[in-house]
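Questions regarding the structure given below will be posed in turn.
Chain IDs A, B, C and D follow the sequence of writing; residue 1 opens each chain.
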Amino acid sequence: MATRGVLRQNTAMLNRREGLRTRYFEVRSATDQLTTPLGPEDQTVQSMADVSPTKWHRAHTSWFFETFVLLPFQPNYCVFDEGYDYLFNSYYESVGPRYPRDRRGLISRPGLSDISAYRKHVDAAMDQFLAADPPPEAADLVELGLHHEEQHQELILMDIQHVLWNSPLQPAYSAETHLAPSPTSCGIEPQWHDLDGGVVTVGHNDLGFGFDNEGPGHQILLAPYRIADRLVTNAQWINFINDGGYSRPKLWLADGWAAVKNLGWQSPLYWEHHNECWTEFSLRGREVIDPSVTVHHISHYEADAFARWSNSRLPTEFEWEHAVRQLRGDSLHDSSANTASTEEHTTQPLNDSEGHVWQWTASAYLPYPGFQPAIGAVGEYNGKFMSGQMVLRGSSCFTPPGHSRVTYRNFFPPAARWVAAGLRLASDT
Amino acid sequence: MATRGVLRQNTAMLNRREGLRTRYFEVRSATDQLTTPLGPEDQTVQSMADVSPTKWHRAHTSWFFETFVLLPFQPNYCVFDEGYDYLFNSYYESVGPRYPRDRRGLISRPGLSDISAYRKHVDAAMDQFLAADPPPEAADLVELGLHHEEQHQELILMDIQHVLWNSPLQPAYSAETHLAPSPTSCGIEPQWHDLDGGVVTVGHNDLGFGFDNEGPGHQILLAPYRIADRLVTNAQWINFINDGGYSRPKLWLADGWAAVKNLGWQSPLYWEHHNECWTEFSLRGREVIDPSVTVHHISHYEADAFARWSNSRLPTEFEWEHAVRQLRGDSLHDSSANTASTEEHTTQPLNDSEGHVWQWTASAYLPYPGFQPAIGAVGEYNGKFMSGQMVLRGSSCFTPPGHSRVTYRNFFPPAARWVAAGLRLASDT
Amino acid sequence: MATRGVLRQNTAMLNRREGLRTRYFEVRSATDQLTTPLGPEDQTVQSMADVSPTKWHRAHTSWFFETFVLLPFQPNYCVFDEGYDYLFNSYYESVGPRYPRDRRGLISRPGLSDISAYRKHVDAAMDQFLAADPPPEAADLVELGLHHEEQHQELILMDIQHVLWNSPLQPAYSAETHLAPSPTSCGIEPQWHDLDGGVVTVGHNDLGFGFDNEGPGHQILLAPYRIADRLVTNAQWINFINDGGYSRPKLWLADGWAAVKNLGWQSPLYWEHHNECWTEFSLRGREVIDPSVTVHHISHYEADAFARWSNSRLPTEFEWEHAVRQLRGDSLHDSSANTASTEEHTTQPLNDSEGHVWQWTASAYLPYPGFQPAIGAVGEYNGKFMSGQMVLRGSSCFTPPGHSRVTYRNFFPPAARWVAAGLRLASDT
Amino acid sequence: MATRGVLRQNTAMLNRREGLRTRYFEVRSATDQLTTPLGPEDQTVQSMADVSPTKWHRAHTSWFFETFVLLPFQPNYCVFDEGYDYLFNSYYESVGPRYPRDRRGLISRPGLSDISAYRKHVDAAMDQFLAADPPPEAADLVELGLHHEEQHQELILMDIQHVLWNSPLQPAYSAETHLAPSPTSCGIEPQWHDLDGGVVTVGHNDLGFGFDNEGPGHQILLAPYRIADRLVTNAQWINFINDGGYSRPKLWLADGWAAVKNLGWQSPLYWEHHNECWTEFSLRGREVIDPSVTVHHISHYEADAFARWSNSRLPTEFEWEHAVRQLRGDSLHDSSANTASTEEHTTQPLNDSEGHVWQWTASAYLPYPGFQPAIGAVGEYNGKFMSGQMVLRGSSCFTPPGHSRVTYRNFFPPAARWVAAGLRLASDT
């Protein structure tokens, strides 16, 4: 989830500015909360190139505020450590050279205490900065930085799950954690919603925050389609496995079948089969699979194969977005359209559209018509990744509250499996 | 170009049936013609996993008729060699196990004479079969097999260019060959066509042959756009190089920039720079670059970076198709709409829309709404490759005459460079 | 340095038994002392497959006593953690499956505090065990375990040097450390000792401790030879570099030249060249090269190329051993012959034969005539590594005091460079 | 078998000179004879980096005479093709840059007819050159070139066996060929010869031709030992397999066991097990294993493991050489000592010491005391490979008649299996 964004809306928003300082410390504190169960050893390990050590995430998010807010806008800001720019730049080519991503596990030092000091140093400077009246473009970048840090909160959880799974004793992150999808109350068999399609509007409408890749809002022509009212469950996935899902090449895209063979996939990531029983490693440790829970930690290839096995297909990202809006009665003139909504609607909503698992779509991650990246280095946030990845919609149990949107476009390569991702079925009518 | 197809139109077409036998031998003979300049050693070498030896192409295209036409439809057909099914199946999982693609260069035997005998054996059986009245579904498969063989004619040329380039003495395929793009008569600076967009129809209309991936024909909503009337030339590409095109990361998609660094790209494939002069290896051998010729042997990443450098973008495959139709005055009820047309139109056409180089588009290779693969093993022809690839439109100097269509969807991974591919610019209005 | 050994002498040695408990706690404590400057993050990182995390070394040495002493000989010993057997077995196939070597950096847990508790648990049990009168074969295994732990003390220093060098800030292990070779007082130009050779005895004479690979003592026939009285210095190595040592293939073994080209060697490991000045990373951090210090962190290939450039060669391990014995006046009946000796001798000794850097020899690491590995799992200590490695003799500044012997055979693959290894020249007469 | 050599004896030998021209054409013709069963496709393929295409061997051996004889010694010699120097230099760094070894399978051109013309061109020039009275150093190089070409005759057979085995249909080289080891007449259980050892002389005595690595002749001290009178057979090997030879790590060197696991070894190369029957691919095609034939196509690691399973060991190269000399009654003053001898001796000889399979020894391939490589580029023939390889003694059914010697040192890396190599057991007494 290399997503980043820019404020698409620069009109003065007094409330936001007043609330910014409060929100800054809430978000920063939430990051630190996540590391409570983790020792210095846990926070240092990198289990694969795509995963970053926890302590790296904590430093990188501070570097973001230092580099994009404090250095340009706070006149006397004193950099914490000149060497950190090289270490904690993730991928901003415009900012200068950077330490190779796949070697982040070698950063024995700075250690945990150095990085805590770094966070405090940046927080103190930001406190001062936000207490004064920051110019609107700086406030926009602060807000971007907070959304950015929320994305890394999700990455911290995804990544540490992978790290702990690779640790040979597979310790739990936390026994009490609620950070796994809950069972669904509804039955296994999905109900279908039929939608008419037509010329519909999709994308961000510039009210409230959105990443640059969510816009511009624009019209598209949708053919009629149907979409399932719930996500695919573990019970359904076990049926797929038992029906030879992982051994029938005709169900798979060619690249997906190559992954099955080369990587030895026989179940979702983190699953194991012992004594006729499926178990799964989650942040709570290894547990018996609950059939009524939404399947997750599957790749796009697996989602696509499952859909074909079901005589269905994945929805496009536009079908997904349109269905969510339609079924909760959104008006495009309604200013709440871009924000996550938990209220009940009179129409029957799409269950689990948010907060359980990310949902793979049939859409490649490509720019919307008229897309323009943000000006400056933060323009590298999203646009340059628009190749070779697939869009996921919704949000997951790892996503911080309030971070999701109906227009949100998450994206990962089709073989990625350490994302908390599942699927919802669709079909033509 | 792993494209394959099925007849989307099964109505009786008497003319086609009568002409099928003639066309069969024309196509088969054209394949053999291509190998005239090549010795047994040339036809045996595999220069990378994506490239197949010439003799493998010759055998595989025969295997296609044997497997999908003769075995199911010709009662007493006697298989030439039982072992060939394993060797010359390209990727049809339904047909059985197959020899690994990246080891085709180890097939020292069957040798050239065996493979010529195989072709003759299949041709003799097909002669008999076509002389009788083949059932419509068999005739459809013959036509598919001929389009398939035409695709392999293009692959033979692409692949042998790569083989000869890797041969340390870099011999020419043929001194007299006209198999390279010709210079453009028009100047370097493109003219722009402005198009209004709107709800337009794209895709194959089921009149005449088309591969399954070209349909169904359907409506989409296009925003207004502009498109260049000509292809980008070598002269423009040299400007891009001289302006640091290969050393400025901000011009590139992240995956593209990784390819530039990891693979050392500094110019199109086959180019070399000596004594302030650019040369290029083509089927005619190594030659000085002609600035007025269309640039080719570039990846999608390079095309995309060039477009960004030009403050433009690549057209989507639908913008491309719509522009070609509009600018030559196609009517959607016109039965010629799907076929290549060389006649002059009253409106100003898109120059070089066919016959020079394939044109990278901004579109990922994905199924059209309502897409259904063909029934049976030939259903593996196209659909399973709809992941991780980009669409190219038009055709190239390597494409057999009559093989192109305005709805034709060629596709390759974004890093592929041994395709004869270039680009045309587009932009928003 | 995967060396391990067994007592070749099992006669009752009362003094040794009485002193064993004292020595046990001295050695164990010395290991812990080495980790004082290192935080949990430092002790967790694995910088390449050949390097183990510090905390792994600390656990593995405890596992050795638990597995080979306490479990077989201490009736009621209670294993600290059943899972550790899998984690901290280095390579003893007989003992059971083990965690892959190249994934030791993923062991986030057990953390440092767990491993300290493990050490204390084993130490308490050993304290009890040694207070009673352990049977001779157990005492032998304790002594083996202490020599084993001393070997890992050297590995801890070698490995952490590599870890800190790979940490992007390249922190020092300790500012005050004396753990680097000292300058030589003698001039650069070596003096040569001429030796007559003849039938001489080499190998361990079974008085005192020795690893199994040091014996049996046996006679060999040596031709006359000469050997340099001192080690090659940094000054000489810089001359080699400046004379094109790393760019002239005729100086190199074929495998060595391949390593130079493929790995980009242009100087010893840890060296850098900036502003016409050579620096070196040691445990003290990055420092300017001292020309009078012995060169180290070179591979066997480099040592061999340097010798050829010097119109000399490396000594065989037998020439080395014979010269050391001869020049300090050893008698083969002298019981001190196997132990390191720091006293002055009347003859002119070989300078730096111990305590500076390991010395590459021309000898492949092979069994001596009549070699028999120790009985039981500890028989895997040495013999199975007798392939593809070269012998080093002497000892280094990282070697614990008292651990070296004139018969000691250290061994590493010819491309290894993270060993503190240099060379001494020899030639035919 | 990268062995090459130089004449160690430069005294005028009139007989040799007179016979040189005859011998030249005999050897050259024998090379061409070997290619009779092979088409151009067969001669072009490279099945792994260690294997060269047949046509490359044919060109390289001609390049050897062109480069080391004709160019320096024949004043008006006209080079056949300037580009060939780059293509057909195997590894002589002093001669200039060369085409990468692992890409020799890409040399589609020059084709077979070009290479035949090259051979004829060199032969014609050599005919002229040898008709005149070549200077002694040139005659020495011609003789070296002929021994070199004989080595490549063996390589052609070894390599084409690997090529044809990798060709998916696994065609036979020749149905009538006798190029496989014959069954032994003696029973399976070996008899042992006991030898006293002592100070003995080994190595080439400078009478007749020898490669530089065979000398200098020198004295060594051998402990008493015993050696088997025959080679290990397929029957014994099947016992080893059935007794878990490939699944018991304690039988193996650590590197050997890693090869077993990583490469999946379960039998000698070219063996397959179907329906309770072992078959083997030889130049005659796939055949049922004959239990009485000497086992071959095993690595050093396998030979070493088999010996350990047999409670024996491999002989050192000096034990082997001494035993062969002793048991056939060689006198060191006997001028035939260096040549293969087929006559009966009064003492009981070592069966199969020549002509069946190469015999792995326990000796690393290292220089003899006083070894000096030949002067000039041919000095790269042997010495630079003295690292990481093991010595094989004897000769094989692929070795040309007259090419073997009791002092001959063949060498390969310990994992090599495409050599026709087996083993003879030895042990301490």
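Note that a contact is a pair of C-beta atoms (placed from the backbone, for glycine too) under 8 Å apart; a residue touches a chain by one contact, two chains touch by 3 or more.
Just so it is clear, the structure is predicted and the values come from calculations on it, not from any experiment.
Undergrad: Spell out the chains that contact subunit A while also contacting subunit B.
TA: In this structure, no chain contacts subunit B and also subunit A.
Undergrad: How many Å are there between the centre of subunit B and the centre of subunit D, using C-alpha atoms for each centre?
TA: The separation of the two C-alpha centroids amounts to 49 Å.
Undergrad: List the centre-to-centre spacing of subunit B and subunit C in whole Å, with centres computed as mean CA coordinates.
TA: Once rounded, the distance between the two centres reads 61 Å.
Undergrad: Using mean CA coordinates as chain centres, what's the subunit C-subunit D distance in Å?
TA: That gives a centre separation of 37 Å.
Undergrad: Which positions in subunit D are in touch with at least two other chains?
TA: none
Undergrad: Can you identify all of the chain pairs that touch?
TA: In this structure, the chains touch in these pairs: A-B, A-C, B-D, C-D.
Undergrad: Can you name the residues of subunit B that touch subunit D in the complex?
TA: Contact set of subunit B toward subunit D: 39-45, 47, 55, 83, 86-87, 99, 103, 105-112, 163-164, 166-169, 171.
Undergrad: With touch defined as at the start, can you tell me which subunit D residues reach subunit C in the complex?
TA: Residues in contact with subunit C: 91, 93-94, 199, 218-221, 223, 249-250, 252-257, 301, 304, 362-364, 366-367, 369-370, 380, 384-388, 414, 428.
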